[in-house]
Amino acid sequence: MTHAQQMLETHPRTVSVEAGALLACIDACFDCAQSCTACADACLGEDDVGMLIRCIRTCQDCSDVCIATGRILSRQTEFVPELARAIVEACAQACRVCGEECERHADHHEHCRVCAEACRRCEEACEEILSTLAA
Amino acid sequence: MTHAQQMLETHPRTVSVEAGALLACIDACFDCAQSCTACADACLGEDDVGMLIRCIRTCQDCSDVCIATGRILSRQTEFVPELARAIVEACAQACRVCGEECERHADHHEHCRVCAEACRRCEEACEEILSTLAA
Amino acid sequence: MTHAQQMLETHPRTVSVEAGALLACIDACFDCAQSCTACADACLGEDDVGMLIRCIRTCQDCSDVCIATGRILSRQTEFVPELARAIVEACAQACRVCGEECERHADHHEHCRVCAEACRRCEEACEEILSTLAA
Amino acid sequence: MTHAQQMLETHPRTVSVEAGALLACIDACFDCAQSCTACADACLGEDDVGMLIRCIRTCQDCSDVCIATGRILSRQTEFVPELARAIVEACAQACRVCGEECERHADHHEHCRVCAEACRRCEEACEEILSTLAA
């Protein structure tokens, strides 16, 4: 059992979103934040960095949004659904844009292929949360 | 002239949003992130902390979203309008929710009054950006 | 194989720290950042929140330092050992202070017990990195 | 009077560091975080990006450390001097490394000159704090 799961199960308040979907999304957000930070940096170390400018940019943005989203979803006290919805929508969007850009370089750079995978997983986890949060 | 303004004026790429609105929003995001971190902490130090739980929560969320938004708007290379729009919408929402909550405690706690002001300014700066970004 | 591990193995530059210790520390930093954010929030939702003020404070600080450290260690391009050393030292310190505080509440709050565990693991991973980085 | 100053003056607890030095450092941290994010991005948009790899790297690290430091110094409740010292030392180090690197490109890129200035100001503000915090 991960620390994140134990933290959620020992929280004193009622968890506001289905626990499985929430855990998957928290985990995917921190994982994607790490992959995107690493991918922006790996791109920066490549000889063809000039071809990877947009990839570096979208990875940096995606990492920032994922950190904010992972933290906000980690909080269950006085949960505000409309705020959660807005940041999870932004996160899904950032993951989509970044995943598509990384995918374009997946044949040349393995780190872009891996990062695209992390982005897609996070985008799907965000969509799952959005389907359970009232509009 | 602030460092933020100088950074924007010396950027090699064409800036994608009207410069005045962009600068105001970048500045408001970092300012609001600081105020919200400080207000959550000041609330935590109050004798009536039990009345301020929701305020602490919304301040923490707002600070996280403001940091992400301030950073993303600080980047002009390969700007992605739809990603900017999504995070600025989330930021406006976080500032609205947090500003309203802080406002409720403004009569009892000066730091909540000041933080509500920072939130409102940031919310307005976000709305200004949104009015210039295509949907 | 985790995304973090794949990202490290596909990085174009030579990794500057022993890979196993580096991966363990990156993973522990993001994990501890999540646990600390969740523990600060869980404490905030407890009836005896007044007893947990210092715990909330140290969890917030520890989360912030862990995010910065996890990101910096995720970057291998133009690695600067003295900067890595300084932030990893700060992270070890934050984890020690926070872990000790959480431990004090471990008998009353399971989330504090779990968070103390995440802090200790991160502190140890930081110490391991420090032992391999030249002073 | 800035929001940061008002937040500090309305805080319920005794401020642990000389208020003028503390405010200057909080302000410099958020300002430097913004400049470094913007400079990394401006470098990424330059034709000679290949010459700026180390500059981009140090700017990203410096921005991350400055955010963590600015937030931690913004908290006065249950202030922990040894934790503050560790993160401010890391911040001074990050600003020194980044400021020196930006300075090397100041003749070719105005944004590097401005960012070097923001880094130096933040490094000095950190040193000022360190001189007042017991070792």
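Per-chain residue numbering starts at 1, and chain names A, B, C and D are given in the order in which the chains are listed.
The definition used in the following text is that contacts are C-beta pairs under 8 Å (C-beta built on N, C-alpha and C of every residue); 3 or more make two chains touch, one makes a residue touch a chain.
Just so it is clear, the model here is predicted, and its values are computed rather than measured.
Student: Average the CA atoms of each chain to get its centre, and name the chain whose centre is farthest from that of chain C.
Tutor: B
Student: So if I superpose chain A on chain B by CA, what angle comes out, to the nearest 5°?
Tutor: That rotation is 180 degrees, given to the nearest 5.
Student: A-C versus A-D: which interface comes out with more C-beta contact pairs?
Tutor: A-C
Student: Could you give the separation in Å between the centres of chain A and chain C, each centre being the mean of its C-alpha atoms?
Tutor: 19
Student: Between chain A and chain D, what distance separates the C-alpha centroids? Give it in angstrom.
Tutor: Roughly 27 Å, centre to centre.
Student: Mind pulling the chain C residues that touch 2 or more other chains?
Tutor: Where chain C meets two or more other chains at a single residue, that happens at 41, 44-45, 53, 57, 60, 67, 71, 75, 77-78.
Student: Enumerate the contact residues on chain C facing chain A in the complex.
Tutor: 2-4, 6-8, 10-13, 26, 30-31, 33-35, 37-39, 41-42, 44-47, 63, 67, 70-71, 74-78, 109-111, 114-115, 117-118
Student: Any idea which chain A residues touch chain B in the complex?
Tutor: 53-54, 57-58, 60-61, 64-65, 67-68, 71-72, 75, 77-80, 82-83, 86-87, 89-90, 93-94, 97
Student: Help me check something: in the complex, which residues belonging to chain B touch chain C?
Tutor: For chain B paired with chain C, touching residues are 40-41, 44-45, 49-50, 53, 56-57, 60.
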